[in-house]
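Listed next: structures, encoded as structure tokens.
What follows is chain A paired twice: with chain B in the first complex and chain C in the second.
So, the complex of A and B:
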């Protein structure tokens, strides 16, 4: 029906007699979702291939009829095309939109089909909801409430399968709960390319298992837990820790690499319980690495700085700030910033540097192994933020040899360090002992041990801010938990130091800093923290194209050098 | 404008107060002849009906297994937020390992509890029951937060009609016939 394809390339299909304009070939589940009609499903996932095995998405489907003899379109008496519905239901996930297709989702045939599928799924499903971690976010639970009977007609013994099976270091499998949707299998095969999972045995004895001698231990294994529509695959770390309905979610950014995976941080009463990916089709799709999910443990790590120190003794924040300001007012100051600080903190640090006149600002580069999915080589989440704010003009090095030379030569007498361990950046403890050291950090390290003033700051989960990821996409994260009582938001510490130095009024909140940034910085013009969309904002990176960034190709990212070839 | 009330002067009988005193004494002496209603609490205790809602406690099943699986529905439903649970996993070498989950700690703040029995109603494992105990006291607030051990001591054992988990264990022993 080419006449139906109008200029915009869209076609009309009808869902419960409601017309929808959509691209030809769009999956029916997606079309229905776009107008708010939920078609229940287990095996379908928008980022995975279609397997069509759960049969939950059965709908009635019809197409405009054509006369077999003449090929003419069949018409109703009123002249509208006659829709010939199929005698049986069809799966919506395996159906792509074609012109004038009619879908019915509320008829008796569809309801019967859903109830039948639910009854079969529940025949062997254990009554585990009270102990199941998925309860509260379980598709089967929702569909049972909607389409279940509330009692069982099944008089036989329920099938018994292995429970508490360890599939790998981070994933525990409860086979009884599995609905055999194969999402996890397809994820490992198609996305991670680590094809370790599969079904063995037949019928109701089918069991998910690892290929013999292998384990589900790739760095993306926990995504199978998110994908699992029921409670079969559970996270060993989160297992039995807290029911999900107590947890509140906060938008976060995975700070382990410059990919900047979008995350959701799940917390209750100031304690983080888990981190899951947040869908962003331009950055991380629906996935995130396992290593990023473990980052919340640093919040309550043993070496977390609980208070401020002056000359090794615990001190109040007022005294520590005063001491730091006195040290900074002296001459020969050097600043070591961080690619782990937010854009706002880097901006304030840059203001601090320019208020002091000629000081060198350096960042420490952190390079690790990357993969081609969501781990990039640059382990700093926000090096590009430092470029955008003008804190640095060239890429950081892994060793601070220039700073070491200046210290040895005596031209640097005071160093302000933000969130870095200088001993990891090639400085010796003897060199640290030669200078007055002010450290703003979250965790105890060799550098904080050597410091004259230690200011306890907040981790990435305890403050709001923005990062600029490898695509030059500005993304925001929000404060999930309050942080230690005696620690202070890095922004307030930096603003206080700046205010003590200049005796002027200084902006110290994320919003007020963005007021300044959007008016002063051409790249960030018109942006604000509040109005920044959840999916981030791509910045104009053309002026940084020549810099030799270390990242290789990852999901949704191609280095400029590769992109041009 | 304020309303002026006329106050009538007292009659002679009223001024003697005798009729009022006598009518009061009539009530007092009348009770001497009626059935006694006073209960010598705490030596004597009132009869408690079966559906009385006293303090909520945890119970064990007749085999001595702790029934609570720390699903935290009571914690969720509790209107005054008197219940706090830290969920935990049952060790794999335990006799009840097939239940998998049990509370590490279960606390009810009896000073907060309003005896609504929503926890009993919501419990999918029939593990929490409101008992007939209505009088308990303590010297500190901390003392009135009952922990898991104390809740089981007070709760004791209640009959079970389902033995859901025992059936589950037997089914697992039997295997799936495959």
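So, the complex of A and C:
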């Protein structure tokens, strides 16, 4: 076989007589996908082990024949290798490419096999797509329309199974719809390493269930809902809330930790309904934590700031900005930035700080428990962005004790706070009362209560921008919903403050800020928001290697200290 | 069929389903259960058809123990 491998290490296989060059051992489903031939499947998933139990991906397979007596290659009369096709179909997902393999996906045997498999799958599956929550994104629905008979020969009574089994706090199972593909079982076992799901009973009575005494309650349980090709596993939060075809998706970033999982935000008419992972093989594969999916609830939280305040009274944005500018023009200002702000906001904040001269800028760090998958210890999504933009030069601390001391000593008289609650960072309400406080934020807190000026900003779902994650990967997120009508984009607020202070023209849009960033910042040279790929762009992190970052090892990330070992 | 509840088309249906099980499902006993059916119908098709045709109309000749009362 080695003679088939040419210099590039690739081999030729033939799918429907079309030659494809591929690495030896590549899965046939993936090879077919690369040339646009769809092989239907349920149980196969590129990030999970092969199970081969749905039998939907049956294809005809043949290999070059060899004479049994002499071992020589058998040839057709015209001199081409004679391909010996197997008498029965083979599963494509369990087949790896080998030299000169021939695959047929359109023959009668294959279509008959697919029809047969679909019929068996549908025998006990309720045919009530119009009331199923998965309708519109259901693999079974799509593939039975494409590969099924189109009618049912089943005249018996369908099995009745439980319709609303709660497998855990966030996942509800509709047993009747399950096609027993075992993706969810393999996911829990292989990716989360929390072996909790399994099948009980045989044949048509097979049922997905949790092992006794266990529940599907790990922080990745909702990924099983995404994996489920049918409407069996549903999100308790999202089920029956909205038809998926009414929703539009925008690209987002999970802002709960510095992993920066890529997400899709599903919204309709200014309201977010759910968040699902977006595949990025360098960051989060196809997964995201459950905690990140619940973040959209903060958009309409009860304590969301609906308007701007000056001295506790609601005020228009113009008045609030004017008041804030007057306060900032005074002396002894300190700035508290945020690791939750986007790179663009941090850049404007840094410009604001340098326009005011000698100003201390601090960030609040958030440390939490990390796991080794997609939750890192650093709960700020963009601390590295603050380093890259030059807002800070060393890592943030959990307690702002320096600021507290300066306030007590009277050397700081005004504090500009962006998206942080100072009482959580160790400052007392008495200390807050000693200074003039300007808060740009999204949610009401003890700090906004004590503030002289409150500027209502946008949450991460209501603005566009970029984050730099723990790998120093610059990733962008897009505005999904418009946000409260009295709130203003943080960039515009910061730009207005900067303009009032300097009396110069300033940039206030993401694109124009990137024009400046790419020309001023050597690390970001040549980059722009528009051209940033969806999978992100890795920045050169060599100058920050010595900083003691808190993150441990997670999926696709190894801290520099560990990488060498 | 043995209970006298079959339809005429059920002979072909039986054969078709048998063909879809052997080698095309993950059933470990697929071949061993379907081969007898396929060969019986191949060799004695007329007897199957006769029973199916008789259907409900006559219970004669059926195994009394299998007939639902």
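Rule of thumb we're sticking to: the second predicted complex is superposed on the first by the 565 of 565 C-alpha atoms of A that agree within 3 Å, B and C clash if a C-alpha of one lies under 4 Å from a C-alpha of the other, contacts with A are read in each partner's own complex, and residues count from 1 in each chain.
Just so we're on the same page, a residue touches a chain if its C-beta (ideal position, glycine included) is under 8 Å from a C-beta of that chain, and two chains touch if they have at least 3 such contacts.
Quantities reported herein were computed from a predicted structural model and do not represent experimental measurements.
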item	value
Superposition on chain A - do chain B and chain C clash or fit	fit
Partner chain in contact with A:241 - chain B first, chain C second, else both or neither	first
Per-residue contact with chain A, leading partner among chain C and chain B	B
Which superposed partner A:113 touches (first chain B, second chain C, both, neither)	second
Partner chain in contact with A:211 - chain B first, chain C second, else both or neither	neither
Contacts of A:53 with chain B and chain C, given as first, second, both or neither	second
First (chain B), second (chain C), both or neither touched by A:159	first
Distance in angstrom between the closest Cα atoms of chain C and chain B, superposition on A	16
Complex interface listing, chain B residues touching chain A	69-73, 75-76, 87-89, 92, 98-101, 124-125, 164, 168, 171-172, 174-176, 178
Residues of chain A touching chain B in the complex	126-127, 129-131, 135, 157-161, 163-164, 201, 205, 239-243, 245-246
Chain A - residues contacting chain C, complex	52-55, 58, 88-89, 112-113, 115-117, 119-120, 153
In the complex with chain A, residue positions of chain C that touch it	13, 16-17, 19-21, 23-26
